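In the two assemblies presented below, subunit A is common to both, partnered first by subunit B and then by subunit C.
Moving on, here comes the complex of A and B:
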């Protein structure tokens, strides 16, 4: 593997291109591409890449970018794209269509705050806007996690037991524009890891059909149930994929979540993406001082791994959630999901903290202040806004 | 650094200096030495020149910290102007402050007492090597040399990093020069910790009307250009012989302010209703819009303004001086009006029974209705002008006037018609065009059933031909020795004549009239085009081929070959100087103008000439110079960003159908007709580009990425403290008002 110093966007573009190229002996690959800050470098990378069999089509909008992906995937090709923020919002209709068509498209979401007012910095509100779409969702904390997760996503999304699209998220700028050292895999290994893409319901000349026509309520219900069942099979498929990944690449990527020092913890903090890396440093410092504290890095958001969270939280008495997103009128979205996980657990104090919204720099100091608040609590409250200095 | 703690570097620079690339270069150099590294910038809405920070982390282990660097080990300053009190306060002990500065480290004592400081004149080195410009030097690679030296990095390691990033040539030599020339020192004194005041102030709410737009960024001294405003002369104004502010009145019509439009016209011309009908409109030939689709229909807009605006209350004379004006054509009327407005008592002498001169005698009623003429003359007279009609003056009378009046202006127009000898002496079948028009007007001459040939190509020829139709002629033809497109007559008039059934024979010259038979015959010669003559047009020469002569039967011939001045009224030996003043007289100053002096042949030129005479007379009598100041350069088509405008066809005014009008003296053109859904005059006026004159369109303000344009009484001003000189406003100004100047 090549050890390289690249940006997160470069790493993501590279992984997408490797995956696309890996299908060159099957039906090739095709992507619809439209740029938006901070995702633009991914589009530039893909447009500059010379695929043996496939193409990246520059279109006039995100909506059309996903339209191209739907068409390409319905034709049986491996398909992928990337977007951010309001671009993702503009894409939404076709994002849902891609999922309900059961097309194994992989999309990178470079997390950026939804405007207006305009803001280009990180906030998970854009990809979490798609939480009710029939898509898998993964959140990455580092360049390496990003590369590995993109490759895993193709594998899981295209698995006949799943056959659903997958979204892979990273932090805008903090990951996308930061140069970090990363191992970029060779094409042969990616070829070995990713089987040929086979979309079973792809359109064929020899068997003309149409897709997406009218269905009655009974059929629709049935299709929804099928999607839920496909979602339910994801953890098992993911586990298998990770095992094979390790065999091919000699490295074990994270699964649904990463629990750190939770076994004997009274207090557990949940976070995702780079905020979880900062959190890990804070936890290590507090552990060193004798605190019984652990953390969970949330990685897979859809399907939401409730049982894995329940197991990781274990007998902890306090759970704090750091949400870099905001569902107006409710609170943090990860917090809502964990609340459903902890239903019936009246012994656990669950507290939400809304922090780093709009790209604020969440420093160890900020996280320590949050933990200090949590450990002093006798009872939970409505989500707490933890404002971060500019 | 083997086994040492992580090092963190903060780079302070400005957008465009390459700070983020420098971070990447430092990181790459350490990466190639086997370290874990991290490099990133703090991104904002990208602004060239805006202060920005970039960071580097280097460690032996994987770097898990993704926060901005708060307490750097070292600080790199790419631009000295970014040094503020406390810039290095959070720096760890024993770090380096590496500054792009031509001065030695000690000169930075004020901000870095007790610290280790390195300086290098990276700007000079970079500029010398062609990396950027002195205004915007790209100093990143040069600074990397100084950094390598200070960090004890072998220069070859740095050059390897550069090669990895494909930097070579000037970048490498500059880095090497900086490596060799960086000066270091530990400054005396103690490190002073200055608490930097947090900038988190009150945040205005989303519903706060003062939330405003983008946060402004002070550009201080680093902008290299600044936008400025100018006013150029619109080509229409430049092209108007009467001196009208054409753009101004068109803009007023576009805003549906017809009173203002008429007021602007009356500043320079008392005859807008007439010009709006009969002017050849050189303004329209000059209009920049003709480079894009079609010129703005300025003549129709002027007519609309004159017919729909309210005339202002006339002023009365307030000065003591009396001025005589001879001739009530457009020049005399214009001079009378402007003199009266300047306060003079004006006595206007006219040889004919009614005022108007050529406006009345030379322009047929179907082009210029008498009520319009009457209305405008009456407005002029309301300024206290005393008219004396039927008062034909001789040379002696003129001399007498110079002793009675403070000044005299003569504008008697053209009275001698040019003629050609068609043989056979004075034939009863031959008329002079101007006489014919006069007879049509006064005596109601009829040509019922007759065949008429008109000779000539000017407006009089067209007027005579069309008038002949209207007094009953059965058949009217025009012969002209040059080509149709060389006819000096107004284009539209030629087209209207053809539409009315008048046949025009181009490249035909009459030789003689055979008036001896039962019916006159005009013997004609076909012509062809030869070399250019003194007028720049190809000279018509006789076609020598066999059948090049032919006969045209007719009942009468009208000659319309132009007119010349009759200067018999002028004192012998007098000389027209400067187009106006007459020399060699003993009495009051005498001025001449209009066609009489200039023979320019248009109403608009005569109006301009009359106004100039009035200003001359005023200057002579009062010493006050009211002549327009030398104007700004003309807004050429390349100053106009035409693609910003959508293509739109010109709107023409209405016209009576050719069949209905050819026997009638009712006005042919009816102008713009409003209806509840359409105001064609307003729509047409809005096609105006407003070349070279700000019309507060707001485009500059809307496009300014920094929000530093402010509306003020003059249109807009620039907040230079926050302007970065990007030039977007100048690029976006559709009319050439904003330009960029170097600072």
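Moving on, here comes the complex of A and C:
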């Protein structure tokens, strides 16, 4: 196992490339590539990688990058790409198409604020814009989590019980451009972990079909129901994949979420990506002072693991959500999801905090102020804007 | 999976365009797709079709009007999908041609960036545009392929702008082969498909595709209309090799463009005096003749097919 000091983008590019190369004994791999800050280094890495059976096509837009991935996957190849922010927005039509075609494409989203006004810093609003797309979504808090989750994503996405694309998100700059020591996997281990990619409905001449044509309401309903059923099978498939990952790589990546010190907690704070790492230190400090407080790092966002959240929240009296995203006219998107988890629970006070939008630095002080507000509350209010960049 | 249309191993199912497809009577696509099938002589292509009448042709799941593997792409994406399919086919050493079959909306308008990029990369794709000069699928709105004077549902008194010269745009990409194809001239049509098939890299073929529904013409006059469009000079039939060597295949014979216009109610606002179209024809031919003189095709251009056709 090579332990290397690398950036988040390097780690992600490496994991995608190893997964692509692992399909050399099947139909190979092909990616569509288009640059956008802060993910550009990923597609540069892919373009420089010498695949023994694969190609990376440098296209003219994100829409076409996903178009190439769709074509490659329909032809039975393993396929992947990366994007950010307005690139994801420009790609949206084909992102939906990839899911509705049931193609197991893996995409890295390096979270960046949607513009205008233009801002290159982290905000989860870009990938969460895709929350209603037929894609799995995972949010990563570290470089190692990123590498492991990318490999798991291929495994789960390509599982015949799932056969849906997967998005893996990391924080722009905070993760993409900083370095951490990572166990970068060897090719042989990736080969052992990932089966040959098999897209059962791929285009073939011995059995010609028309993929993605017209359907009537009845067939369309079934198509959507099948996608929901596939989503429902993800937790089981993910659990199996993690067990096999552990066998091959000797470490156990996080699953749907990571609950810390929630067992006896009165107060539980939810956050994703690197905010969750800062939060972890804050929780430890407050625990040391005798506070009954815990946290949940939200990792899998689609399918949303409601029962895991309900179990982790347990009998807590207060739940605070840190949302680095904003759905105008409603509030934070993680908060909305957790509200559906807690429906009917009048014993829990659920409060949303919109924090760190546009890349504002969410420091331990900011998080402490949020928790101080939460523990004093007798009732919840509309989402609270916690401005940090002033 | 519900999005796959099953095919049954019956003889008629083996045609590229199967009986029972949903094309209107007199549609240029019906001729074009059958001649494409005949020119490929049993070789089965993979089709990539964006949003356009061409995907409606297939009918609804679980049936399909296409007897070859077909991907329905999003509107602007057929060359991008075809690039991905072509890349995987190439690394698996699969030889079947990959063909985009797209309307003018997907080619001249929404898909032009994708088309341009795939041409610039010289992807190993045959791109065929069946140009019916309107958004036919949505009920006949203007596109940048709609000719000057034509009435559409969004140009009620006739379009004020000229048709975009897509061939000049594609020639500007210096692709190995670009040609216009007439559904009234079978030998030339088949020869060009065969030549495109025998050429590597990005190939662009443009078909003027009659649309009785949108053109407000009689279905049984479709091929006559195209013949008139060729003879009047409105639709020049020519080839461009490597984007820089021109060969004109058919010269106009002074058939008046009025003969073309008067049979289509879409031209009702200019039928009495189609001066704009006449100017368009003049300028187009001065340009084409100039190019063919200055940059003529050599006898090697398309030579493979010259012998091939003779041998038949």
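Here is the rule we use: the second predicted complex is superposed on the first by the 389 of 390 C-alpha atoms of A that agree within 3 Å, B and C clash if a C-alpha of one lies under 4 Å from a C-alpha of the other, contacts with A are read in each partner's own complex, and residues count from 1 in each chain.
Note that a residue touches a chain if its C-beta (ideal position, glycine included) is under 8 Å from a C-beta of that chain, and two chains touch if they have at least 3 such contacts.
None of the values given here were measured: they were computed from a predicted structure.
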{"item": "First (subunit B), second (subunit C), both or neither touched by A:139", "value": "neither"}
{"item": "Contacts of A:309 with subunit B and subunit C, given as first, second, both or neither", "value": "neither"}
{"item": "Touched partner set for A:193, first subunit B, second subunit C, both or neither", "value": "neither"}
{"item": "Subunit C versus subunit B, contacts on subunit A by residue", "value": "C"}
{"item": "Which of subunit B and subunit C A:173 touches, first, second, both or neither", "value": "first"}
{"item": "Partner chain(s) touched by A:210 [first = subunit B, second = subunit C, both, neither]", "value": "second"}
{"item": "Contacts of A:278 with subunit B and subunit C, given as first, second, both or neither", "value": "first"}
{"item": "First, second, both or neither for A:163, with subunit B first and subunit C second", "value": "second"}
{"item": "Contacting residues of subunit B [partner subunit A, same complex]", "value": "23-24, 27-28, 31, 36-41, 43-45, 62-68, 70, 198-200, 206, 211"}
{"item": "Subunit A partner contacts - residues on subunit C that touch it in the complex", "value": "1-7, 44, 46, 48, 55-56, 58-62, 64-74, 76-77, 79-92, 96, 113-114, 116-117, 120-121"}
{"item": "Contact set on subunit A toward subunit C in their complex", "value": "27-28, 30, 32, 53-55, 57-61, 63-77, 79, 93-94, 97, 100-102, 163, 200-201, 203-205, 207-216, 219, 222-223, 226"}
{"item": "Touching residues on subunit A, where the partner in the complex is subunit B", "value": "5, 38, 117-118, 120-121, 171, 173-175, 177-181, 274, 277-278, 280-281, 361-364, 389-390"}
